[in-house]
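These are the structures, in structure tokens.
Shared chain: subunit A. Partners: subunit B in the first complex, subunit C in the second.
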Partner chain A sequence: MALRISLKPALPLIPLLPGLSLLGVLGVLLRDGHGGGISVLQQFAAGAVQPSIDPIVLGSLLKGLQITLVIAVMSWGISSVLGVGLGLLSSSTFWEIQAGVRWPAVILRRWLAPLRAVHELIWGLLLLQVFGLNGWVAICAIAIPFTVLMARVIADQVDCHVSPAIPVLKGAGATPWAVMLTGLVPPLAEPISDHIGHRLDCAVRSALILGVFGLGGLGTDLSLSLRSLQFQELWSGLWMLAIAMVVLDRLLRTLRSWSRMLILPVAMASPWVALGWGTQLDLQLAWPVAEWSMVVGNLIDGSQGFNAALEISWPGVIRATVWITLIAGCVATGLPPLLLLVWPSQASLHLQGVVWGALRLIPAPLTALLLLMLAKPSLSLAGLALGLHHGGVMGRVLIDDIRSTGLGSAQTMKACGAPNRVSWLYGPLADVSRAYLTYATYRLDVILRDTAIIGMVGGAGLGWQLMEALSSFHWWLVLWIVLISAVLTLLGESLGERLQGSWNSRAMAL
Partner chain B sequence: MSARERRAVLATGLIAGLALTASVSSCGAPQNDAKQAVLQIGAIPDQNPEKLNRLYGTLTTELSEKLDVPVRYAPVSNYAAAVSAFRTGSLDLVWFGGLTGVQARLQTPGARVLAQRDIDAEFTSVFIANGASGLRPFTSADQLVELKGRRLAFGSESSTSGRLMPQFFMGENGVKPEDMAGGGPGFSGSHDATVAVVQSGAYEVGALNEQVWRSNVADGRVDPGKVSVIWRTPPYVDYHWVVRPGLDDRFGDGFTDKLQSALLDLSADTENGATILELFGAERFIPAKDEDYVMIETVGRQLGKIR
Partner chain C sequence: MTALLELHQACLGQRLQPITLTLRADQRVVLLGASGAGKTTLLKLCNGALSPDAGSVHWCGRPHQQLSRRQRRQIGTLWQDLRLVEELSVIQNINSGALGRHGLLWAIRNLLGPLDPNTCLELMHQVKLEADLLEQPVRELSGGQRQRVALGRLLHQRPELVLADEPLSALDPSLAEDVLNTLLLLPGCLISLHRPDLIHRFDRVLGLRGGALVIDAAPNTIHRDQLEWLYASA
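Coming up: the complex of A and B.
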């Protein structure tokens, strides 16, 4: 009898596999390296220790930081509340309890997916065309994709935390709402609170990117400093942002230490607090008036529609986009576990936290510029720039997961005589691998959308084409690119779901 | 109730109280919806924040004093966003580049050009090259064909001097964007970044605003051993002030003309005027008309940046 054995790597090794891509990227960097920009890198490093203390700069940065925080907190609160609601509505379990059918959940999920596939930045630009320069444009630009992303995660969580008590409760004749409250909510409350907390950090970074794009706030200042290569001014802003992010993080941790559930009332209250704060700032928060004529007028003239689709050589552009996304995804996923194994100790977790914090702090366009100071432009370089930034996010997820799971397994293995590195690999890393890989598949979507912000490295990919079409106010082409990006995102998502299935990884507390 | 639970209940109460206070106070606070009474000015992003804040801080004070209306400066860090903000009425008076100004006027019927700097009537771009590229200064425009197969960096995608006109002159001499190494040019995002990426060697050639090049040279940020000018474009019109229609209805008859005079009257003899002109890199502002920008519109349409 033939014995069929399929060779599968051990689970903790899977997060390490993408790290192999680093070898290829390193090869490209060595091939394309020029090192001619060392002086710029030195200026950048010097800026970190000697940031600008010009009162005009600091005043403007402080105002910008407040605007960024107001936009972030407001959109975070709104998207958390709406996301939980929509997540519940798009989970099969909810509909099964309420009506005994699953199809409304499937329809809602499919209907929401395209909204998620459009980057905050693009939402910002599209809403700006209709509503003008207004604080709500930035808030909605973040809140729309965040709400839908949150809904997806929540729906996954609901469907994988089905309690065995539910059929029993139903059988005992409990009303659907009573079944939900007693059977569904308790196991879900903690993972959902954790995820909501994590999204605040993401909302701050998104608000920053919108500022980079022109919707006000600290991002505007950072972007202007970066373009004029004023590294001292840039660092004043980066330090200010770092302090704000650390303070927010500490606040959330403190809240969580009191009660993990506290995050929910905080998220609900935050839009009101931010609204009160926003009225004191130079931020337009009056409800905007829509002006559709420009965008709609251009699209009504359908004759251009087909021609616009022929203006881009799609296979090349899609290939470049997918390539950048893959490299960035591999770097972002592979780097944190690699660093963890290079230096496996409890003390090093703090230092690694600082490294990931720094990578998250530095916007991807800045990383791209710094890398260009060392090597010639290439798709791999663009992927590396995005990958390093998102590696910061993945690193944080990994360390947080390991901290919350505890290091008991590593200590046990070490006590049994396993070498330090092996005990970390098959201990804590194995414990968190599934949740980490699940998160990595979610991250791939975000990376795909983020190709929009890398134009510096050769003007390649769909993201870049979109910026070019937007700056030419070529609405038909914008529509085509958004459609293709949405299709790519959805394909990526279904691939992600299959990967999750093959790793046997459930959606876990993120 | 344990101490932890008490803390949690206390915190929930505090949060609810804070939210209530904030929302009540925000209802009572004056909204920043003073669009009807405030002159909103903006500028395309082409300088560092310190300079922009100083420049527009002084300019808003000056215009506010001269015109007797409140003036507010809104920073915008993206060219396309500046055009859209102008079209939707979020900005009344904007300092645009050649291309963005034309885009803004075409999208905003009735908008008109108010003024330009003395240097804008005959503006130029320069092509710079890294020493290692082996490119030497061109003596005639047809030598631009030597750029084929090179790694070339433009600045921002909507920049007139950092992309549009250089690309136009390249096209005139038979060099298309797809002839560049890597299948197309890169976009550094700004003139200063173009200097940096060419000087470092990441790109072999770059095209940028000559004014920014000169200020980089003057500030010692250029290493003459590594990067130098290989070609200067023929002159064309660039930056200008564009104003929205309907300001006379909002601020009183003849307001737009008064605004134009206020800009044209800026002189280095007054303290504010000297600061503003110095930061703009000009001796004075001169009158400009819509017709001055016909050539930019033609080039914009030819290169697909105007639809």
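Coming up: the complex of A and C.
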């Protein structure tokens, strides 16, 4: 038999390949490096073990943390409830059960897509221009994209959990609502409640980011501390945040251990609780009055629209955005498995859990500012900062996956005499590679949306252009930039879905 | 003949009472016992997947914990759940049996593109696996095909002693015969089975009941009543 062996990397190797990009990033950092900030970074590191315990500082940080939590909990509650409803309405299965047609779901999905394509920070800055500084601006900025993101996830879950019992129930003459309650809700309860729980963590991080850009809360305090090099204060805030995140995580786990179904009623009640909590703080929660005149007045002059579109060199700006996304995606995906392969052990799992937790905790713009102390600004630096933040998320996913799969496969390989690293490569890392890559492609969408944040710090990409346009009240340019970033995000989503399909078919075709 | 594996008063909680046992090279041993009698636990003690609470397990005179990589690969295991790498193809899984003889770079090379196809084809022929399955992902194979991939991987490891945990369960009679024949061609083996009718194919019979070693004898000295008692409820 003539042997034709094709050369293509097997699935377990693919998560490691993006890690090669680190060589290029390190090269750029060495080229652009300046030693000026090393002593400052040492002070930053020292601050971790000597946080400020000044009661005035702690009181201010605690108030900031509460504001962040109120914004996060309210936006989480609102987006969860609305997201579940819209998700159901935008699922084909719902319409098929109710009316025997699918087209309303397709139309609704198309209408909702642009809303989720705009990053919460951009929503925040836009709403800030119209409504002024108000608690509702931050809440709505998070709730709008989160609702639509939640609706997309719920619709996908509904459509991929179609029970074979549904036609039987319909055939038996059950009403559409009875069919849904019996055939649809039970298999969906677990994944949906898990996703709702996960979104709370995301909402806290988003509220923090909005704070970094001046919308109040702990993010503002952390940003001011870092910019004034008050690292002890910064670390007091970060430790507080870490404790709050751990407490929230424990609360959600406890809630889930009681009953997974409890999470939706809790999400429904949480905005009211948060509203009561928020009124005790310095958070303006009276419904704001919109000042449309400035925005609309600017946009009425349509002749400016075309000229505004020509003010930016779009290919360059888009190239910068895509480049940052690629670098960040490679760093975030490749770094966790690579580190695990360098030091494969139980102790390494524990230590990396702490490192990824810390990277997740520090908002990406602050990571970028810290890196700027080591090197001159560049696209690679922006990508690295964003990649390290998302690496924190990917690292957690990898460690959780490996813990739930177990280390039995590594022991099997070791028992055959395989070296330790090889045992991990062919064992746990191979076991989780498919799920990890699927999550990585989803993460690439999030990273693409997040380039808006890092661009604002790094002076590159669409984020930077948007900041400039907002500062000069150039609304036509703002409109163009938002439009282009929405299109880019939707293209990224579509590419991500194709990549996910490719992982599956690649694994099938190996 | 020199002793390969020696267990001295090795025990593990409630699952296995103190057992003293020596396995020699060129000896084919069958392990019998009802479900829950401790067969899998004993095999795991033998391959080092479990450590005894008390007593000792030695391979070629050295405690399991102190074995070198070269010594570890001399013990091959055919696991009941096969433990194939689901994301890899047949050839890559068979090659993974040779990981004990190579380093990280060879392992990465095997993931980049399958290595040494001719050796793998020979092994596949030996275990009666069709050659056109060479690059097929193992997750797409039937139970019997997967069993033979695991056997091919074991053969590629070239162990001196094979430990097999119920390798014939879930196989049709013809395939079970093929698999048993292949295992019995290996230098030495300890195979757990639920098939007392096959004991005449082995040199030695071990019987476990309630975690205790109650039979250790040549097949021709074992009475039918002893086998029935082994499987009778306590």
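Just so it is clear, the second predicted complex is superposed on the first by the 415 of 510 C-alpha atoms of A that agree within 3 Å, B and C clash if a C-alpha of one lies under 4 Å from a C-alpha of the other, contacts with A are read in each partner's own complex, and residues count from 1 in each chain.
The rule we apply is simple: a contact is a pair of C-beta atoms (placed from the backbone, for glycine too) under 8 Å apart; a residue touches a chain by one contact, two chains touch by 3 or more.
Note that the structure is a prediction, hence the values are computed from the model and not measured.
J.: Is A:Val40 contacted by the first partner subunit B, the second partner subunit C, both or neither?
T.: first
J.: Going by the contact rule stated at the top, is it subunit B or subunit C that touches a larger number of residues on subunit A?
T.: Tallying touched residues of subunit A, the top partner is B.
J.: Once the shared chain is lined up, is A:Gln411 touching subunit B (first), subunit C (second), both, or neither of them?
T.: After superposing on A, A:Gln411 lies in contact with subunit C but is clear of subunit B.
J.: Looking at A:Pro419 after the superposition, I want to know if it touches subunit B, subunit C, both of them or none. Which is it: first, second, both, neither?
T.: Only subunit C is touched by A:Pro419; subunit B is not.
J.: So in the superposed three-chain picture, is A:Gly492 touching just subunit B, just subunit C, both, or none of them (first/second/both/neither)?
T.: neither
J.: Name the contact category of A:Val266: first (subunit B only), second (subunit C only), both, or neither.
T.: After superposition on chain A, A:Val266 lies in contact with subunit B alone.
J.: For A:Ala10, using the defined touch cut-off, is the partner it touches subunit B, subunit C, both, or neither? Pick first, second, both or neither.
T.: In the superposition, A:Ala10 touches subunit C alone.
J.: What is the shared patch of subunit A, the residues that subunit B and subunit C both contact?
T.: Common to the two interfaces on subunit A: nothing.
J.: Touching residues of subunit B toward subunit A in the complex: what are they?
T.: Against subunit A, the touching part of subunit B is residues 4-5, 7-8, 11-12, 15-16, 18-23, 25-26, 29-33, 45-54, 57, 72, 74-85, 87-91, 103, 107, 130, 151, 157-158, 182-190, 192-193, 196-197, 199-203, 221, 223, 226, 304-307.
J.: Mind listing the subunit A positions that touch subunit B in their complex?
T.: Residues 34, 36-37, 39-40, 52, 54, 56-57, 60, 125, 128-134, 211-216, 219-221, 223-230, 233, 255, 258-259, 261-262, 265-266, 268-270, 272-280, 282-286, 291, 294, 298, 316, 365, 369, 372-373, 375-378, 455-460, 464, 467-468, 470-474 of subunit A touch subunit B in their complex.
J.: Can you check the complex and tell me which residues of subunit C touch subunit A?
T.: Answer in residue numbers: 47-49, 69-77, 79, 83, 85-89, 91-92, 96-97, 99-101, 103-104, 107-108, 111-114, 117-118, 121, 131, 134-135, 137, 139-140, 157.
J.: Taking the touch rule as given, give the residues of subunit A at its contact with subunit C in the complex, in rising order.
T.: Going by the criterion above, the answer is residues 1, 3, 5-13, 408-409, 411-419, 421-423, 425-427, 430-431, 433-434, 507-510.
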